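Data block below; observations after.
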Amino acid sequence: MERVLLEVRDVNKAFGGVITAKNVDMKVMAGEIHGLIGPNGAGKTTLLNLISGIYEVDSGHIFFEGNEITNLPAHKRARLGLGRTFQSPRFMNRASIKDNLELGTDLRNQFTYIQSFFGKKGADFYSELEELMEIAGFTFDWNEHITSLPYGQQKLLEIVRAMLAHPTVILVDEPAAGLNKQEQERVSLLLRKAVDSGMGVVLIEHTMEMVMNICDNITVLNFGEVIAKGKPQEIATNPQVIEAYLGGENDA
Amino acid sequence: MKKKKILTPKIIGKIIVAIIIIAAFIIIPLPGVVSRYMLKVYNDGLIYFIAALGLSVMLGMGGQVTYSTAGIMGVGAYITAILSTKYGWNTGLAIIVALIAGAIFSFVVGLALFRLKGSYFSFASIGLTNLLVTIFSNWMEMTEGPDGITRIPKLDVGFMKFTDFNSYFRLLFIIAIICYLFVLRLRKTSYGRALASVRDNEITAASFGVNCYMTKVYSFVIAGVFACLAGGLYAVHAGFISPEPFKYDQSAIYLIMIMLGGVDSTFGAFLGASLLTIIPEKMRWLNEYYKLIYGVGVIILMIFMPMGLMGIIDNFKYKMIGKIKKRKQSNAIETEAN
Amino acid sequence: MVLQLFITGISMGMLYALMAMGLILIVKAVGVLNFAHGQLFMLGAYITWSLTNQLKLPLWAMIIAMIVCFCIVGLSFMFTVYWPLRNSPWKVTVVISTLGASIALKEAVRLIWSFIPLLSKPLIDKVIRIGDAVMNVQYIFIIIISGALMLFVYFLFEKTFIGKIMQATAQNRYAAELIGIPSVVAIAGTYMISMCMSGVGGWLAAPLFLVSQSLGTFAQKAFAGIVVGGFGSIKGAVVGCVLVGLIESFSILITDAYKDAVVFGVLILVLIIRPTGIFGEKIEEKA
Amino acid sequence: MKKIMILLLTLLMVFSFTGCNRNGDKPGEDEPIKIGLTDAFTGDRAGNGQYTKEGVDMFLEYINGKGGVLGREVVVVYEDDQGNETAAVNAYQKLILENEDLTAVVLNKYSSVVLAMEPYVADSKIPAICSGSNVKIEQSTNPYLYSTRRSDYGSGATMAAFIKQEGAKRVAILYSPDALGKGMSEIVIAKLQEAGIEVVSSQQFSEGEKQFANYVAKIKESNPDFIVCIGQTSETGLIVKAIYDAGLNHIKCIGNSAFAQATTIEQAGLEASEGWYSITAFAAGTEEEPTASWIRSYTEKYGHAPEMTSVTTYDALSMICYAIEKANSTDPEAVNAELKKILNFEGIAAVYSYNGNPMLANSEFVIQIQNGKAIVLTKVIG
């Protein structure tokens, strides 16, 4: 099903003199893990912030399921089905794990505050949560403080929380950073599960091994510009990409 | 890992608390149990508690420091006083109108003030309080200026009269319980979670569909309604109001009540409110030194108990559960070992 | 009359600007507004009164003693109110502790110097006439000295190396420490300068408004000036405060009693139209 | 370290619950006669409380030196009303509820504070003598309320008459934002218009004001030939200095009683206060006996001249003791009845007599400040 979920068309963004995005084009298809790679400071996270509405674009357009969301504020884009995780996990660290996860399900149910006050409960998400936790490979005490979980588990839980919100597209920012081999495997499984249930995934990641074997399409960014697009195999052999990453063969 | 229903200890805890509350409700207002002046102090304490509850939604759940509690309390008090003395309305009706007016006023002002963030919002709320106090002290035709309004009639709702401190104590007690349950309920709703997410990080909140700006404005409205309710009840209780109790330095007391009680807990607001009304009475012998010790005490409180009394109790509970769990795990390991 | 309103407005504006400068230094160094700033201003007035009237120091000796006292007060204020809380995860604790400090300072001053307002003689007790307007010489001192102090602080922070250190510590204390800046010294320096500025403000204002506990109320006008001028920019604060002084002064044409209401009304209006103030830039929060 | 601090704080709170509360002792034959007193001992108006206390100590020294009243020692119970209406209401209720055997109460001079307490004075049925001068106190029908002052109505009329006598044509008025300012300015304006004198500007300055240059500039703009100022002692010094700085001291200026007090003259300075007129029940520089000798002994005892509140408190206490002796009992009702019979009682500040309304004083002085001294020009009676 070749349906375009998210399209970024000719987007530019600069902070003062620093150009972080220069006429960037990107398309994310349904049921696809779209890799977004590039050296540090290439503007990957900034692009994610532009898509999720944290920053406003200087020029260009962003389309979500066909309709334009360029000038929508961040919370409206989230409500349309745009999920997001962050480089370092962001939880309400003085609240319990239950409250943090329910922040995700609130996004799915989208009840008004008054409905929620008078006890309107969404569908029971425990079974779904158990299924996802099986993939994530760890359990937790429901009322425990989030800070009691180790870093790796927090990263995984952040993906689970984003998935609980049933987004159409989920933007994942370096989920495997700082994780051991086994946990990285879990991340791939989770993202595969997300794609199987119809979500589109935009994955920023540095561990090439993971990117190469789970991504369906890849866009490469360098200094805010798209320098290559295509299947993982094409990208692996593309001279420009190698040069951008390794700083060129003939350098000393 | 499903939500376990821990039956016994929590439920028993709740029953004990309920018994204490009902006992206090019946015994304290009985004549002779407490001196008439102390009863007046307890009533003041309950009124401050209601205002502090409103602030606990904004500060405790939403992380927004505001100095406008006393100012908006003044709005409620003056509307109630003016309607009941100058226009002869029934006091109960006047309080209800004060609530509605307070909600509208807080909404409009909230829209303006929340264009600012962090400390700049807090001290813009100081500007708001000063603006209100200047109006209270200079609009002689309506508010009688610094002389204040005297002889505000007691609450007389047809079938029930609350003329003396004892009956008024019971009314305040019930209203305080209702407000307390409302805020407790609020924490568990999607609004409570949205507000907590705004407190911890607005960007995360936005990416979960929370409209941070409006969420903060709604919390300002809730705090405003509670403050106006407290203001109206205060006017009727004291029978006299002047601009004095609604000034900027009075607003500081509500903030300190929440921090003393414990910022994260609704019960903390009650603890803070009752302590800060009873301690000044009992510390009369300090007289002119009282304020100095009070100021220094606030600094010490922030250094050693940033999460307030309830913070300590929670830590204590948390450590205890930690110990029990460890003991369970250690004997689990022992049983496995042998 | 308009000339008189203009002169009074400018002179009061410069006084508020002096306080605002001290306040902004703390905001830049610590990230939180110091709610005890008005009381430090008042403390400055009382200290200088004691130095001149009780110790009978000549002017030049008094100025040196004054600066030394202000540095000591600035340091002790920092080590009691800010330093123990520097690592607290939640900024509100620092805000409330400055609140506690403002209450304690007001009472301490009342106990040491008693509550009867004290009279302090101006440097030159003369009044000069400009057209039909009149200006107390003390105002000229306020304008000159506060102008000089502001330039000094502006250069210190923007141009000198020490200024760079202080700004670096202010923006990111953790990173500054990583590259070897002793953040204790930098922040202490900022607090000392801030106290000197508000202390000098107190010294200059005392002859005009008597030395009393209610001097602290000027802080709220200085706050208003900072918002009107723009977040955290030193230029913005000075212009904002002078504007607030002028608004306050000219508001007498429309109302006599509601003067303060006009000032704070304008403050809230500015918030609605241009929340970042005149010079403030929109602050992009990093994701 | 953290543990010790928490322990200390919780101990502090526990201790505070069991804190000592004074129980009222029962009246007996040799028990001291208790008179209540509320005034501002803290807050911005705390200076007033200090002068009141000095007046009380002088009276107690005098009366107990003479063997007290009815052979019993006289004692004064203090309560701090912080000079603001809300704290005053609390303080008064605390005073009454914690001391059941009070014979009478002395209140302070701030009319808005007294008016706030007035309903509670009526409920407790204990005679209270204040030193407020507001018209609302004069019109009060509360049988237990008295004042050692002449009402603003009287002083306002005297002020207007004096201005007329001085041949003024254009009068500017600047008044404080409280009962005193609002009340008195209305009467003065009414009386001046009756006498055909034009009121060229009338301004109410904002509360806690410090910068009067702009108000004075507006007065200068309306070029008056007479200036009337009404305010409390915390502002009067600044107003006089502002008028002097603006170069208006060639214009005659008159103020209410606060402008005749020692603190005002000291704060404004000798040149600035030179020539100011004032309508006051008491002036520290008066030569009138017995006031002058009392002032000398006061200044010897405390090292500074008394304020009006010192002498009005002294007179209030002496009237209460006089009524106790006449009623030969400390029962508030009996003492209250005696207070209603007071006629030409020789006080320090004035001659007091009850004639139907709470205002006991009916004499006042028109004074002028010459070289820092308040010189009595005329004495106004009735």
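Per-chain numbering from 1; labels A, B, C and D assigned in written order.
Following the convention adopted for this analysis, a contact is a pair of C-beta atoms (placed from the backbone, for glycine too) under 8 Å apart; a residue touches a chain by one contact, two chains touch by 3 or more.
Being a predicted model, the structure only gives us computed values, none of them experimental.
**Student:** Report the chain whose CA-based centre is farthest from the CA-based centre of chain C.
**Tutor:** A
**Student:** Of the chains shown, whose Cα centre falls closest to the middle of all protein Cα atoms?
**Tutor:** Taking the mean of C-alpha atoms per chain, the most central one is B.
**Student:** Considering only C-beta pairs in contact, identify the chain pair with the most of them.
**Tutor:** B-C
**Student:** When the centre of a chain is set as the mean of its C-alpha atoms, what distance in Å lies between chain B and chain D?
**Tutor:** About 38 Å separates the centre of chain B from that of chain D.
**Student:** When the centre of a chain is set as the mean of its C-alpha atoms, what distance in Å lies between chain B and chain C?
**Tutor:** Those two chain centres are 32 Å apart.
**Student:** Chain A to chain C: how many Å between their CA centres?
**Tutor:** Centre separation, chain A to chain C: 47 Å.
**Student:** In chain A, which residues are in touch with two or more of the other chains?
**Tutor:** 54, 86
**Student:** Tell me, which residues of chain B touch at least two other chains?
**Tutor:** Within chain B, residues 134, 138, 203, 288, 291, 297, 301, 303 contact more than one other chain.
**Student:** Would you give the residues of chain C that are in contact with at least 2 other chains, written as numbers and ranges?
**Tutor:** Those would be 110, 257-260, 285, 287.
**Student:** In their shared complex, at which residues does chain C touch chain D?
**Tutor:** 1, 4-5, 8, 12, 110, 114-117, 119, 127, 129, 132-134, 136, 208-210, 212-215, 217, 249, 252, 256-260
**Student:** For a test of understanding, state which residues of chain D touch chain B in their complex under the given definition.
**Tutor:** Spelled out, the residues of chain D in touch with chain B are 2, 5-6, 9, 12-13, 16-17, 19-21, 41-42, 80, 84-87, 89-90, 93-94, 97-98, 111-112, 115-116, 118-119, 136, 177-179, 182, 204, 206-207.
**Student:** What residues of chain B sit close enough to touch chain C in their complex?
**Tutor:** Contacts found on chain B: 59, 63, 65, 109, 112-113, 115-116, 118-120, 122-124, 126-128, 130-131, 134-135, 138, 202-203, 248-249, 252, 255-256, 259, 263, 288-289, 291-292, 294-299, 301-303, 306.
**Student:** Considering the complex alone, what residue numbers of chain B touch chain D?
**Tutor:** So the residues of chain B touching chain D come out as 35-37, 40, 134, 137-138, 140, 145-148, 150-151, 238-245, 275, 278-279, 282-283, 285, 287-288, 291, 297, 300-301, 303-305, 312.
**Student:** Quick check on the complex: what are the chain C residues that touch chain B?
**Tutor:** Interface residues on chain C, with respect to chain B: 27, 32-33, 35, 80-81, 84-85, 88, 90-97, 99-108, 110-111, 220, 223-224, 227, 231, 257-261, 264-265, 267-268, 271-272, 275, 285, 287.
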